[in-house]
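Dumping the structure here so I can ask a few things about it.
As written, the chains take the letters A, B, C and D, and residue 1 is the first residue of each chain.
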């Protein structure tokens, strides 16, 4: 059945809430408003005000509420309207949720999902346009998941809700409207497994979330230029299925890593460093990174376009690593 | 004159406060208690309660106070008792201070210093033992400085206070008592300049903050084994003086990067990725990383020791990249 | 004719509100400023509909009395900062409307060079310090401006504005405590428009009398009619005096209403037509002042009709001039990141990679 | 003999406090528990001095009545969480003292396997949910436990404990608002020992009557004598009933005093000898209960002397047994990071790099 990325997320939550009444959804505007981005459309009606709960604008407080509720045996889904606002809640995510099991010698754990849109939307400026997955992925105790299409959105969110650890589930607002084939009912994608979105032999392009689409466009363009790119979407950022990436690089000997976020100590840096450590001898050229520019996001349309990675930049990087530039 | 790292920081602040009455120090226990770690010893007496100010335990609030005060023309030094607590204040650092100049089209800026101890102390457990420099270094608009000895502590802090941008100045509690030769009076180390702490020709070891000391110990041990290591302390993490690192690698052709923090998307990942991008052909072996283990910090002495990078691990990594293992 | 209007009518040369009198020029200035903001926002709404303005766009129609009354009570040297709902406030402060409109359009001549957009307006010459997109973030920042006035003893007061949703953020209470503890010269203004996006006040706040939110920190508060520009001016004057006199911070809850959705993309189905009409037609701050001035013989309907035409023309010119501007120069991408960029260190200023 | 003691003496079989009577066994239980905590902390202090305990070590000497009175008022199924000053509370809850001491020593048999230390004690069987090192962090977490009881309707109440310094954290007020808005069964307990490290209450809080800190959120509060175990038990019983009955959260400010420094490394020079003595000798909760029981003919000085010897012996045994334990097995470094570790994905469970 063809549905949107938004509907796929909604389906995943509804199915899991029907299956397990310990699961509840809490966040700003998730209930009566049906979600700021309509991801929770109809859920209040379906599950009632006890399981779909609007909160005051207090991210630190309701993130902590989720942590405590998960310790007490519930399975919270805490929605951040966007991950930009999660910065206010980071202490509860990083110092409480991520460390609780370890600190308590295994007695308590925090099986919960923090979810919402990450990265930039369109024209919303610097405070509403940042990709923080590298911060979350830095932290042991957390898992970080980022779907790039509707089917993955459903399968990964269901897996995240069932997972017994704290999962930071980072969606993308611009993808919410994307339509794709999504299996109904029980459809689960195991965490920690990358997906080859396009097979190819000349160059490996690793890209996650919205950038996966950019990478596929770039691959199509490269094909016209006679360069056969393999596009890999890690889907789970932490822990990372590097075997799939390293396997591809062993075949292509060339790699471009794409991310929307800032470059310094980003996801691309980690993947590049891992290829250095584990695939050095496979490389015929240094791994290249295509990332967001090292500036805050501007509002003006032209500056915004320049700030984000572009298909053209990915194509160019692929040409460079394949010595076609 | 030989003084401690702690006294060097105190000297830097006192000298800058004497020079510029817009500079003030604010934080928990900085005034009447003379600092939780005595870094501000005697400053209340010297400068009075208007310029050395004890705060309630409200990191987000007083970090924001610093941001506003800097926009209004003052030059705040905001002390976090440790950087662990700065996670609560991150929104003001990342969304306000770092972006203010850009968002306001250059009208407002935030010339201020956020400072305090980062990394692990001794036996203080998971919530008090984390290295966040990679999060701060990820963000355009911020500068990140981490001194590894008393002289650098003074010279870099004076430069940070005079700098017209927001500087995250990350000290190390275990280094506070270290003694070293520190020039009196006007001594300023420009930001963005690395320092070769030990010249060598066989392998480059890059390490910052407390790890610089570990790297030097490792170099001494390696020397006994006939391996001549060059130890580079970046001192400023963002922006990074990569020229000095790349120059060294061009000479040694081998590199080990050491950091106390977690590996995934850390500083080591960035440095490794940069060497990949800019020094690929100079490398005779893949760059190796020695980092904190991918677990929260435990309290037990033996587990704590295992979690931190060790001199032995650095030695071993250097032997591997020099094909001596 | 309401009691208030009767009382007002008493003084022929102007109007009175609770013993404070306003001369004709002041009244016209307040009216024209409110009407200008109203028409400016309507124009912004149109341009958004035409997709010439992008992203989020939060209009303040209905809340003009708060913007204008506050500004008239304040000194130009007093500081002000607010949330993303900032067009009305920066216009009331006297910033160039063409620059504000150009900002909405993302143009080179925007008040922040097109870098901030609707949510991030700043004007340092008018002591307007933003324009914040993170709910509540401006409150600790306002605390810092207040601290700076205390530190410099410069006699300025900071007007730190937040919404009925924003007031729940923890940083607000950290700021209340420090402001009260150190008696900083700050007026915390709560624009209680009764909704935070789709969330009605009583669904988000245990204590819905928001002026009481400072009690736990010994901060006095008052609730005022945010639909009456004279009430706002009068009570903000008192509040500013309180803060300026060194007595410490004070809370002002201005009860108001936003006519439009939360942002341009919000259909606002969570409110009844009746409720909106009651406020829009029953309590509109502009219509109210016009009626008071007419009743007092200070102006005629014709005058206001003329003035409205004039202002609409002005706003059209503003929009045309703003639209005529080019987008920011691409080189602007790399400016304003650092005051002291460090050449030769990575990431390199102005370079990719 | 004070009025209160006279009143107490009235009932021969026990003691009375404001109409609530306590039988001899209960009184002995409370006394012994307080004394045990006192001696345990002293031992911990010694072991710290011998460098057998590392890091931070925050003792609760002087605050025992709060720990014990609260626990006696609560049900075993009620939840409790606090800050890093947690030894007294977890012992009062009935956790194994040897495991608590072993934790302080970083041993394999520690209550959290040596992974948490002094600041991070947990005992899920006793519904003791930590032990938090970040000031105020336990408050939103406590909100979540309270939410879970509301969600499950399990009749439990959460006792969420914070200090007079911690109460200033913003997350506390976000939690107050949600707890009051949804009427969650939570008793917020403020251990007001009058100092946050070296900062006296009045230097950190604009409103020093901490029980009033909930007023702005419609949360009722009471101030109680935290040096009188009977007062704590009586009023905590009322507070717990209030929360359990569905009336929503309530604040209890227990005024108390810590005899030792903030942590073992704090010389506490910010307080006068006189002040410390006034509390230590004048208002000690253990001496006070002993005197009351003796006056009421419920016990003799000899008994308490004997009991003290007994407890000291017990504590020595606890310490000896704990010290006899090995450090955690090195393999423990890699356990308890994830409940569902993912094999074959990086970072690899249990491996470096």
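Following the convention adopted for this analysis, a contact is a pair of C-beta atoms (placed from the backbone, for glycine too) under 8 Å apart; a residue touches a chain by one contact, two chains touch by 3 or more.
Just so you know, these numbers come straight off a predicted model, no measurement behind them.
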Higher-contact pair (C-beta pairs counted), B-D versus A-D: A-D
Greatest separation from chain C - chain, by CA centre: D
Separation of mean Cα positions, chain D and chain C [Å, integer]: 47
Inter-centroid spacing, chain D versus chain B (mean Cα positions, whole Å): 37
Separation of mean Cα positions, chain B and chain A [Å, integer]: 30
Gap in Å, rounded to a whole number, between the CA centres of chain D and chain A: 41
Residues of chain A touching at least two other chains: 55-56, 58, 60-61, 84, 88, 91, 95, 102-103, 125-127, 140-141, 238, 240, 264, 277, 289, 294-296, 298
Set of chain C residues in contact with two or more other chains: 110, 114-116, 120, 132-134, 137, 168-171, 174, 177, 181, 203-205, 337, 347, 353
Contact footprint of chain C on chain B as seen in their complex: 24, 50, 55-56, 58, 60-74, 76, 91-92, 95-96, 101-109, 111, 140-141, 143, 163-165, 191-193, 236, 238-243, 274, 277
Contact set on chain A toward chain B in their complex: 60, 84, 87-88, 90-91, 94-95, 98-99, 102-103, 125-127, 130, 134-135, 137-141, 238, 240, 261-262, 264-270, 272-273, 275-277, 280, 283, 285-289, 294-296, 298
Interfacial residue positions of chain A with respect to chain C in the complex: 28-29, 32-33, 36, 54-58, 60-61, 84-85, 88, 121-128, 263-264, 289, 293-296, 298-303, 306-307
Residue numbers on chain C that touch chain B, as the complex places them: 79, 81, 110-116, 120, 122-124, 129-134, 137, 139-149, 151-152, 170-171, 174-175, 177-178, 181, 335-340, 342, 344-348, 353
Chain C-facing residues of chain D, complex: 168-174, 176-177, 180-181, 203-207, 212-219
